[in-house]
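Sharing a structure with you now.
Just so it is clear, A, B and C label the chains in written order, and each chain counts residues from 1 on its own.
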């Protein structure tokens, strides 16, 4: 197997007394779309900045394609970054912004023109070359930032919450586009986000960060279906966690278990070998367009959330359930054991 | 029900007539602007057209361009004007060269605490008297003084003269250059510097292509201060300038010694004119918005 | 303080011109060629009782009551003795003095050479009955009835003191010791860049004085009365001198420091500067060069509208009282007007140092006068350059 595009070994970073990154080991394969997911302050952005070279690690190494770059300046690393605030040069046109990296590297004028045009084509901004960034919309600026990074054909593209400032609709469009572009250019993307939905939709693999450590690295499906830790179970999507006594009372098992809300049905038969069932009372009904969320206090103790697609029901029907007793059912295979310590 | 008092009626009348209210509020500052400020400038220009009767010492209030004719035809006024311009330009250039790295360090390198201390350190000299600072420099530049010693012995330094004038003026006006540049750099997002480095730009490149173009308005704003202050100075040059004379000295000499206010006024229009040209020239750069 | 007053005192060319003073530096006053006479004002006939106070306009340092320095006080005793409380208004310029005197609120003034004549011809001051000033008899004759304090033999004031602009040099740097102003006017001076000169248009008179002796064919009779050709010669000399100049001075502390550090080694100075420089440890000496020198002289005058004339007279008598005059002369650094003062100075050499009794010394001194169009030397066939022309020329000289 060839060298990984990025290898992080024992990476640590402290700001004064605060340990932002507390020891990270990670391999990211060539051509992979890799997401770093975590709440703010979990260290994901710091890790990205150490890969880019904006921060020097307190300990550990950063290796890019087998080359130790830990102590190298940003301009000596074959990576490019798309910044959260885009960081477009306001005094340059779009064309000049995109050409900047090439100009710095003394690429001939004709080639520069050609490559910049191609990059702008890739992000669907042909004909915008002469504009200033201030004359562009947020989504367009985002694409210019992308083109400015891609035009250099880096081995790795780093994206620091690039869609943070966009509205939901634009954000979803850009997610699709970005994925398409990544497939087209075929380089490694490292994508930092706090939005689990975004991470799950686009990534080949996801690393979930918490308090300067990685809790789990896996495919989106694995991360979602088989959360490696209680934190992952709670952070990625919504989970009903059963532990200790409640696990015993409801599931009849010892340990920590997770059941996703959408796996729980309302009503159904009593418990069997394949199905688990529990009685309780509906405390709250939350209408959410495509689905409805039910908050239920189980007789056995814990409060759980169940989600129901609004196939046939009307908002009035479901609202009527509030305060009523109810039976919940889910399949035994959907009870996922959650290891207490990271794998 | 009792009738409303006159005061009540006045205040409700004022409430209905917002224009009058505004006029009432602004009249004092506007009066200041037009009478005290623009008025005095107007008087300057008008009195430049008068002359002094050398027999009685009284002002002759008959418009004539005699003063301006003298200024334009006598070579010495041209020489002094050019010298003053040269000094102002040199001081501005020196201050830009010193202020750029200092302001950059303050805004982008120093810790927030160090930044505060540096700002205070830069502002502190402004609290000391201008005269005291100029005299301190006179001692430093004296024969065998610290500056001579730096150059390797008595008499090796610049001594008093044009060089000393430029040096001391650069020192005096430096804060007026650092502060606008510092403010400009503070507004420059760090991510732009990182983006430039990320795209392969080393320090020099980043400075030339990203930092400098973005703080040009700040530099120009600072230069307006250093340039106009240098152009109007007459005290520093008296103290360390040796036999050098600048426009300010001529203005002062004509008011103080010769009792020739009209001629002083005519001389004083030279720097005013230069600054007007300068301001018009920089207007486009957006520097005026930095002030 | 000297700086400002000399600078601006000389500004008053106007009224002086009315006098058309026709006589040279040492001559007695007289009515001008225009025949203009001062307004007829009677002098005080006899001295009465003091009015309880006196309002004084004076230069800084002339009226000290101990508030500047507890040891410097020649006012408190006077107040106690005469019952006249002294209210002093310090003026910065001669113009200010004239303006203040025009208000009529003040009784006496210490006027410089030019302001004095403006005041006389403006009718602001009255002739002084010198018989009522007991100490007047002890004033040096060389200061009595001069062009700047009298008209047609009528005294308008009581002389206060005088001083000359001397040639100062560093004894360790300037050898042999100079005897002539050539030391500062020589075009091939070995002290190039270390020569200093007084920064005022009136310094043109110093050049004229030099030319008076060294180029007699120019016919200069009075350094303050220069016709076109004479003036051009003086300006030309100063332009050549400019190449030798290190700096011009107008502030005496600046001059002291420049001589001490060696930035200046030779140039014009006042006696007080010489003393300060010596006290500061600078190896300097000063001489009155063979050509003579320029200088200044001040006069106490009484307002024509004085509300407290008796106290005013008492003050004028007091300020030239041997003791008070000695104190003020020492504090300010000039030659006292009263010959008995010399015995009263703290520094017994003061009078010798400042050449107080040395009439031969002051014979060589041309006291500052304001140049006017009517030549001060009495010539009527030519027009002389007035002070505004001097000022413009001074600008050209400095380049």
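Simple rule for what comes next: a contact is a pair of C-beta atoms (placed from the backbone, for glycine too) under 8 Å apart; a residue touches a chain by one contact, two chains touch by 3 or more.
This structure is a prediction, so every number in the text was calculated from the model and none was measured.
J.: State which chains count as neighbours of subunit A and simultaneously of subunit C.
T.: Touching subunit A as well as subunit C, we find B.
J.: Which chain pair shares more contacting C-beta pairs: A-B, or B-C?
T.: Result: the pair with more contacts is B-C.
J.: Which chain has its Cα centroid closest to the overall Cα centroid?
T.: That would be chain B.
J.: From the mean C-alpha coordinate of subunit A to that of subunit C, what's the distance rounded to whole Å?
T.: 91
J.: Can you check how far apart subunit A and subunit B are, centre to centre, with Cα atoms defining each centre and the answer in Å?
T.: So the centroids are 55 Å from each other.
J.: Can you give the whole-Å distance between the Cα centres of subunit B and subunit C?
T.: The mean C-alpha positions of subunit B and subunit C differ by 38 Å.
J.: Hey, what residues on subunit C touch two or more of the other chains?
T.: none
J.: Which positions of subunit C touch subunit B when the two form their complex?
T.: Residue positions touching the partner: 4, 7-8, 10-15, 17-18, 95, 193, 199-201, 242, 245-248, 250-251, 254, 257-258, 261-263, 372-373, 386-392, 394-396, 398-399.
J.: Tell me, which parts of subunit A touch subunit B in their complex?
T.: Contact set of subunit A toward subunit B: 52-54, 73-75, 79-81, 83-85, 87-91, 100-101, 104-105, 148-149, 152.
J.: Which stretch or stretches of subunit B touch subunit C in the complex?
T.: 52-58, 70, 74, 76-77, 79-80, 138-139, 142-145, 154, 159-161, 238-239, 241-243, 245, 250, 253-254, 256-260, 263
J.: Provide the residue numbers of subunit B that touch subunit A in the complex, in ascending order.
T.: Contact set of subunit B toward subunit A: 189, 191-192, 194-202, 205, 209-210, 213-214.
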